[in-house]
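Order as written gives the chain letters A, B, C, D, E and F; numbering starts at 1 within each chain.
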Amino acid sequence: MDGIFALAVDNLLSPIILFFALGLLAAFARSDLTVPESVAKGMSLYLLFAIGFKGGASVAAHGIDATLLLSLLAGLILSFVLPFVAFTLLRVMTGLSVTDAAAVAAHYGSISIVTFVAATSVATSAGLNSEGYMVAVAAVMEAPAILSALWLIARYDSSGSGKMEAGLLQEILLNGSIVLLVGSFLIGVITGAEGLAKIAPFIVSPFQGVLCLFLLDMGLVAGRGLREARDVLRPGLFLFGMVMPLIGSMFGLGAGLLLGLSPGGVMLFMTLSASASYIAVPAAMRVALPEANPSIYLTLSLGVTFPFNLTLGIPIYLTIAQALTGA
Amino acid sequence: MQTHKAKRVEITIEAVMERRLTTALVTAGVTGFTVLPVLGGSGRSGQWSREGQVSRAGGMVSVVCIVRADKLDNLLDAAFSVVERHIGVVSVVDCEVLRAERF
Amino acid sequence: MQTHKAKRVEITIEAVMERRLTTALVTAGVTGFTVLPVLGGSGRSGQWSREGQVSRAGGMVSVVCIVRADKLDNLLDAAFSVVERHIGVVSVVDCEVLRAERF
Amino acid sequence: MQTHKAKRVEITIEAVMERRLTTALVTAGVTGFTVLPVLGGSGRSGQWSREGQVSRAGGMVSVVCIVRADKLDNLLDAAFSVVERHIGVVSVVDCEVLRAERF
Amino acid sequence: MDGIFALAVDNLLSPIILFFALGLLAAFARSDLTVPESVAKGMSLYLLFAIGFKGGASVAAHGIDATLLLSLLAGLILSFVLPFVAFTLLRVMTGLSVTDAAAVAAHYGSISIVTFVAATSVATSAGLNSEGYMVAVAAVMEAPAILSALWLIARYDSSGSGKMEAGLLQEILLNGSIVLLVGSFLIGVITGAEGLAKIAPFIVSPFQGVLCLFLLDMGLVAGRGLREARDVLRPGLFLFGMVMPLIGSMFGLGAGLLLGLSPGGVMLFMTLSASASYIAVPAAMRVALPEANPSIYLTLSLGVTFPFNLTLGIPIYLTIAQALTGA
Amino acid sequence: MDGIFALAVDNLLSPIILFFALGLLAAFARSDLTVPESVAKGMSLYLLFAIGFKGGASVAAHGIDATLLLSLLAGLILSFVLPFVAFTLLRVMTGLSVTDAAAVAAHYGSISIVTFVAATSVATSAGLNSEGYMVAVAAVMEAPAILSALWLIARYDSSGSGKMEAGLLQEILLNGSIVLLVGSFLIGVITGAEGLAKIAPFIVSPFQGVLCLFLLDMGLVAGRGLREARDVLRPGLFLFGMVMPLIGSMFGLGAGLLLGLSPGGVMLFMTLSASASYIAVPAAMRVALPEANPSIYLTLSLGVTFPFNLTLGIPIYLTIAQALTGA
């Protein structure tokens, strides 16, 4: 426990967490500090581009691991399964309607790429390498959870909402983040070390700095969301937002250990399973489940689970992964 | 200058629904429209703003169509089929247009 | 399709005054409005544009409210109390809306 | 609240023509207008959108002018001289304004 | 004098000044060159983030100076006092109304962070270090001048405009620039050299280049402003825009010498006192004093004083600070 | 031929081409991946700023070449002449109207700065230096072609469209790209190696990375254009879009050899002559020739010729330039 604690403090005092906290505070204090929407979008393109490419280049460097395909499969299954876990937990812990519970569940089956990025940077600081293809696993885990949520609705809600509209599936699978992440990953695999050398001064050295600014914006957005949706956040929900990532991470831990991943890989799998989507899934829910209340799922995912993972979750996952893999 | 009577319809809708709305409009024979960005707003579902919203998943747009009066019902039916389950606002104003042959 | 009479009010005002305007609207019982960005304009205080203006302190927005006719006077009073000392324009148009229960 | 009758003219035009249009308006004695950004649209020349268009050379804006009825013809003549050879739409709506001395 | 001259020429031929000049020229020639508003906003966030963090890291490195608090206090007082100086000067030199004079005065009590950034980079080139907490002094000097201006109005204008509206004070104190600057400064103090090492490739090495692009935009904006507001710029006003910074800098000089700051610190204090706000104060004036003509205060601050400080002012302040501190 | 082939494959597998291809694919697959307009504009400002400054700094380093003026003159003449070549070819190969043919011709007389940037980076990889003033030649070649097109209209079209409206010429000559490119070039010349040292971490090292992201956006835009304008692209037109650059490059080759440029310079001259405008000229055509169909000229220039040059053209021009200059 001491190790986790020291690590958590260390983590809490890193620039990226402090900038996230600055954003939260500024939002609570009603400062007019804002990052223009297009600049935030530009930074997120940069992060996807960089993390994808570096993952690919690392695969190129280490050769394609025999477990790559199995890891992708495991990610796929986890993303399908986790919504059922979340749904059951929500029905027990909270008074959410079927529709709202299914919508929230979809978010927890999917992933948050920024949480993943932050975990990567903590892993690197702790001297852990990880399988480069974990970014591909992240991409694979984005969408399946949405299908599980729609299936849950069809199963438990007789009112007939939540139809899987033609075109929505394609829209989800080809959403910008997935395409850029997977595309950059593949280009990284193809161009390898030589390609990386050319663009490293753009995607490697300034990465941490951009991440700080990006997390400042995330803090602002999360803080404003929390401020406006205070009444939505009943204690049961709030608790769910912190218990669910811990439970999710156990599934990721199991998968990572079964696959025999490196300590860093196990930790990243835990983080992916623990994290909740706040971009792709909300957009899909607005189309497919407009009756679900966006304040609930956005506040939970971005206002509770994201900060929880960033501050406490990641150090916990790291410690557990190190302990159980003997790193 | 010679002007002609027409209707100006304004549909404020979530950005994720934009493509679905314009597809429905085109299917209903409405091929002229203009899409305007929206910075923020307030309604029964609460207040939001483009820069301060929880996640940038949200956001709305405003679609303006100018049509001849006899096409109005078609247009409203098409628009309604899309906005029905969703938040948003549809309003219609009488207007006059130049170059009526375009509508 | 069944429509209902209403009023569409458009208030073009400096961006720094936006929050004050919407607060006044909400206080006056107007809870539905949409805020549109403005690129530039011209008026008695001269011409300006978003990209060419001296300092980005300036800038305007356009707030559109659709209300039932009986709420119009309240709305205009609230709007006027805010724009009174400031530059900006308020205009009102007759319109028809779908889903009247929303207004 | 005391309001006054006026006309609200909306001219949707290619962004490259904006300066030419506003110059023509000012020459015609119309010194008040507001320029709104446009995200996309569709018309006889096809569909386009700001983020998906071939080259960013394109793009449109919407110019809104509120004028007293007696200045309308002048305004429309000026607008027409600019849009004549170009794509775009001109529409006119009756409105009421506060602070009539401004128009 | 020779020294100043050589320094001024050197300064005039540096990339940042030349890009500012390019912007001015392009605007005068009516080129359609523009920097998108959100990109300009993004660059200004970057500059605040970088300058704040570096200031904080430097405080962390050198320990908290005994004079930190006194410097903040001096900045506070100067920002309160300088508007009275400016107001008196304006009433003597120009025919401005009380309202317009008070509005202009508020700008000259406050500061321009870009002028400060440019001065820092000149100081560094000249081999001068400065107290890292000068960025905190800059933050402290942003707002007080607004209160002085409103007091001036209340005192000299019987028409009753210029009320301090509820909420405005909070809005000013928590405006985005101040929050980001102070927040980054504190994070710099907390994370120190270790934090700086992580993000230096983002905030240190590309800094000058970003500043060039940013000053290009400032030149464009200032040039367009000057072009449109030509008739506003009577000779008296124009002169004020160059005399006031020189007078202001003397106040900063006095404060810096009294506090026993380093040569670089004295020069930065002079620059802060000499510079005029063109973001925070104009916005506050539009809310609190809508009757004041924005063309006057924006043209003066951005079109006259900003270029004056950038080209001639900074070399002058540098030379004086070096001479009087014996550096 | 083997050399070209190997080079082409090498080129095709470079990150910048692969990111362009990713953009194309994403657009064809109807992914919603987009780069915000202002971010794309910001990147293009960055590229112009960087390429202009580096060109100028290189001129400062190598001294002003006697052939600088002659090269500018040659660029000017080529830009005037190439539209006539293109116009004739279009009338022979396609059924375009006079108006459409003239509009297309204007694009091929002018240049694409991104093609130029990509060629520069290929040249550098191949170990070829080139005359720094080639960026000035690029600037000079942007506008004249527009005049040729209007002259063609006046000559062959009796309907009287295509008048050279007052103000248009100034608008073209002072368009943002030209001003920024030429301005940065001159500042590079003035501040030389010293200036370059200050901003190199911003304009040199991250350059390739930004170019990748920028080409991703170009791929998206080109792909969406191609998708929407499929019916416009008759075989004759399509062929023209690949034959014309080859013909154009021969003119550039002649000019480069006559002027005695370096192998890199010859290759860049070929690239400039081969490339087609997709920003400045389309905007001018919308004003001066609104009757011409923008789908035709945009699809040809951005959807056919740009990718052709990027993938096959540049390696061809490189091989020929090396062969004929004996490099």
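Rule of thumb we're sticking to: a residue touches a chain if its C-beta (ideal position, glycine included) is under 8 Å from a C-beta of that chain, and two chains touch if they have at least 3 such contacts.
Fair warning: this is a prediction, and the values are worked out from it, not measured in the lab.
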{"item": "Intersection of contact partners for subunit C and subunit E", "value": "none"}
{"item": "Subunit A to subunit D, fewest steps along touching chains", "value": "2"}
{"item": "Most widely separated chain from subunit D, with each centre as the mean of CA atoms", "value": "A"}
{"item": "Mean-CA-position distance for subunit C and subunit B (Å)", "value": "18"}
{"item": "Whole-Å separation of chain centres (CA-atom averages), subunit B against subunit E", "value": "45"}
{"item": "Intercentroid distance (Cα basis), subunit E paired with subunit D, Å", "value": "39"}
{"item": "Numbers and ranges of subunit A residues touching at least 2 other chains", "value": "34-39, 41-42, 201, 206"}
{"item": "Junction residues of subunit D - those touching two or more other chains", "value": "36-37, 47, 93-94"}
{"item": "All pairs of touching chains, each written as two labels joined by a dash", "value": "A-B, A-E, A-F, B-C, B-D, C-D, C-E, D-F, E-F"}
{"item": "Complex contact set, residues of subunit E against subunit C", "value": "27, 34-37, 40-41, 161, 220-222, 224-225, 228-229, 278-279, 282-283, 286-287, 290-291, 294-295, 298-299, 301-303"}
{"item": "Subunit D-facing residues of subunit B, complex", "value": "1, 3, 6, 8, 22, 26, 31-37, 61, 66, 93-99, 102"}
{"item": "Partner subunit E, residues of subunit F touching it in the complex", "value": "36-39, 41-42, 45-46, 49, 53, 170-171, 174-176, 179-180, 183-184, 187, 190-191, 195, 198-199, 201-203, 206"}
{"item": "Touching residues (chain side subunit D, partner subunit B) in the complex", "value": "10, 12, 36-44, 47, 49, 60, 62, 73, 76-77, 79-80, 83, 89-94"}
{"item": "Touching residues (chain side subunit C, partner subunit E) in the complex", "value": "14, 16-17, 20, 46-47, 50-58, 85-87"}
